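Below you'll find the structures, each written out as structure tokens.
In what follows, subunit A forms one complex with subunit B and a second complex with subunit C.
Up next, the complex of A and B:
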């Protein structure tokens, strides 16, 4: 069983340190969520793992192999795939091209065709939108493309950054149900969310981040009832 | 008569289009106007000339040093990316520089048949484009765009002056080159006919009232074949898809596993190779090769790229043709001294009426 281990990870943008030593574990058989306020460093953590940041120190490993200093393509080829904040689909390409780009590093045509079918089974709407230019899709459909594109790489661990951003509550529910489905099919998930209640409700394990550090961590059901979490993120008291 | 002149316009337009494609591809992917592109066009012509016509030892050494430096930069960068080991990359760069430097030195002194020189020159120009990006533009990728733009102008001036040092500022020509007739697939060529005469002066192809030289036909054919090839590459292949992905969102492209630096290098290589092809063909056609030839051609081709919609490859092709035809019409109306002005007039009118260019996306205005 693969585990993503992050130990005393520090990361900075220029001279400003954003992560001040983060330690956590993400198991590939679990749905883990990472919650926290805006600017806590959640996205930075994902970018550090997937090789988008240059100034990173500390240790990150996957399957016992270090990930520090590896460029983004080599992280993807190891089965860790990042669905970025704001979806970042390719706006002037069709849905099909977006999905095929998700499988960029793969050479098994038959497997790609099979995964395309699986993506359509997961998001039937995308089959209808197959030849449509991505920028003309609705926000929810664009999020579906982003997730499906990530799955096309056949990940073992999918990192999702705020998939609920800017979506109507009903759509958020639908997207989260799909994530559970993906998880049941055997893909590990690390879900970064501001929508703490929704994220903790579907997760096995949760972490809470505050200003560049982990504040809490544990089984999601416990965090959901933790008075500190309720006070800070769930609007309870 | 009009048809004949339009044919001339289409020929020049096809050459402009070949150059314009290089501007537009680079702009599309890194949003930079590569002002050094005209110099790549010029170097293509000079390198081809240097191989076909006997060079002086000084010229040969200059060309060899220049080519060696390019080889060092490109080999070092690729090896460093691949292995991550600096000493290995340095060794590789040194080996590549020595090999290519010696080959170019020998080639310049030995005189190589034109078709081979042509391909070698195009390859070297592609390398020049890649090396310029690595040395001058890549370190500035996150700086303000104006910085990179001014750097591009600087690179252009340095290259132009370097060419002047190596080959002097005078006009050079392929006329001195006597090729073996067999190279050009003509059996019945009169004794002593030179290469240039064969291509340009002799042997007109006739089609009804139209006639064109072998060279003109060759320019048209090559330009259209290359542009068709480029179009297929960009729209149909995986590499083309990666290029478009990098043009639209580089971060997302990296998350797909695309090696963005490599794709940018390939883009520069392709654009530069096409520019060099145009440089050699126009150098033959106009019968003049000089260090400043890249400036004017570059300005026209850049106008063509803007005319068609900068960043848009089919647009650059259309823009080049429109500009070439506009210039030939100027000649038809006996305004040949105005032909440059007319080219600009066309460009300015199009930009006023359609700011995104002929084929550019019509984006809503920013308020």
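Up next, the complex of A and C:
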């Protein structure tokens, strides 16, 4: 079973260091969630793992192989796929073109066709709209495109950056159910969320980040009941 | 699978569909020499030449979405390289042309690889600086380029013992048409290829493209190199056709002109870009001071009252009108047009 190991990871934008040594483990058979305040460095961590950010030091490995210094395509082809913050669909392309670009590095036509079917089975709404230009989709549909596009790369570990951003509560629930479904089909998930309660409720394991460092980590059910988490992220106390 | 609708998009069955529109266009263009009018053929040659250049620039600006303000630099490199290959090294035109294109690609790679990671505006400035540098070098490297006086008496292509002549341009016209057809063919293939999809993805959203596993720098550099190769190929043709080269043919205003053709025709749209080139070349002819003077003389307008650079005023006015009424271009790429239509609908 594959494990993503991150050890003392530091990352910076220009001269400003925003990750000051993060250590965590994400197992490909689990649904892991990462919560933390705005600006804690959650997105930065995902970008560092998937090669979108190059100024990193420390160690990251996957299947025992180092990921440090590898460019984005090489990470994607190893099965770690990033669904970036803010959807970032290809606005002037159709839903189908968006999904096919997710499979850009793959050559197995039959497998791609099969995964397209699976994506449509997961999000039937996208099948209805597959010829529609993505910029004309609703926010929720665009988020579905973003997730489905990530799945088209046939990931073993899917990193999702705030998929619930800007969605109505009902839709957030639906998206989270879909993520659980994806997880049951054998894809590891690292879910970055503001929506701490919902995320921890579906996760096996959780991490809490504070200003560039990991503050807490453990089984999600324990974090849900941890008074520090409740005070800071669950609005309780 | 549904592709972007070029004239030669693969149909949904995946079979190759012949680009009938383009075949008809080339067939019609091939009839122009029947008029026997050398002037018309001369204008036709420039329309075809600038179509080639605009299609090349369109890879960068239209397909990849990167503003290139110095495309004429590659045109100049190709022109001077071909002149040097033919005159100094006694190579035949048919060897010099592909060599010049390859040299263009090489320069495109060397310039693109380090600079394409710059963000849009900085990249545009670098390309501008590059084309100015090309002019400086052509003006001052006298031993090779003959300096500011210009490169004289460039050899003509010879085919089966027939030497092309400028004053009877039929042969040059067909050569231009052949190079044009080659360019269109390559562009249509690129547009519907994996490479094309990578470029469009980069144009739409770089971060998303990278997250899909698209190697940004690699694909951008490749696009830059291919664009440069077509610019240089156009330059090689121009060198042999015009017979002399002067640095003033490769100034910034030519880059702007080619960019106007691309924007006016429709960024990313191959037929649009060709349309834009043909229209601007024809306008340029119409607005030449002598032609204008001749046309306006019966109305009693004295030649001295016609500004020499009137064409730039007209281009400027046209661009403003276009941006107001047809912002996506005269013949836009389908999905670009859709976006503008949508914005117009949602405007208050």
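Everything that follows uses one rule, which is that the second predicted complex is superposed on the first by the 237 of 237 C-alpha atoms of A that agree within 3 Å, B and C clash if a C-alpha of one lies under 4 Å from a C-alpha of the other, contacts with A are read in each partner's own complex, and residues count from 1 in each chain.
The definition used in the following text is that a residue touches a chain if its C-beta (ideal position, glycine included) is under 8 Å from a C-beta of that chain, and two chains touch if they have at least 3 such contacts.
Computed from a prediction, not measured in an experiment: that's the story for all the values here.
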item	value
Combined model on subunit A: subunit C and subunit B, fit or clash	clash
Contacts of A:131 with subunit B and subunit C, given as first, second, both or neither	second
Subunit B versus subunit C as contact partner of A:25, first or second or both or neither	neither
Partner chain in contact with A:88 - subunit B first, subunit C second, else both or neither	both
First, second, both or neither for A:59, with subunit B first and subunit C second	neither
Touching partner for A:73 - first (subunit B), second (subunit C), both, neither	both
First (subunit B), second (subunit C), both or neither touched by A:17	neither
Touched partner set for A:96, first subunit B, second subunit C, both or neither	second
Partner touching more residues of subunit A, whether subunit B or subunit C	C
Footprint overlap on subunit A, where subunit B in one structure and subunit C in the other make contact	50-52, 71-73, 76-77, 81-82, 84, 88-93, 97, 100-102, 104-105, 149, 153
Touching residues (chain side subunit A, partner subunit B) in the complex	50-52, 71-73, 76-77, 81-82, 84, 88-93, 97, 100-102, 104-105, 149, 153
Sites on subunit C touched by subunit A in the complex	1-2, 194, 197-198, 200-201, 204-205, 207-215, 335-336, 338-339, 342
Residues of subunit B that touch subunit A when the two form their complex	238, 241-242, 244-245, 248-249, 251-259
Footprint of subunit C on subunit A - complex, ascending	50-52, 71-73, 76-77, 81-84, 88-94, 96-97, 100-102, 104-105, 131, 133, 135-136, 149-150, 153
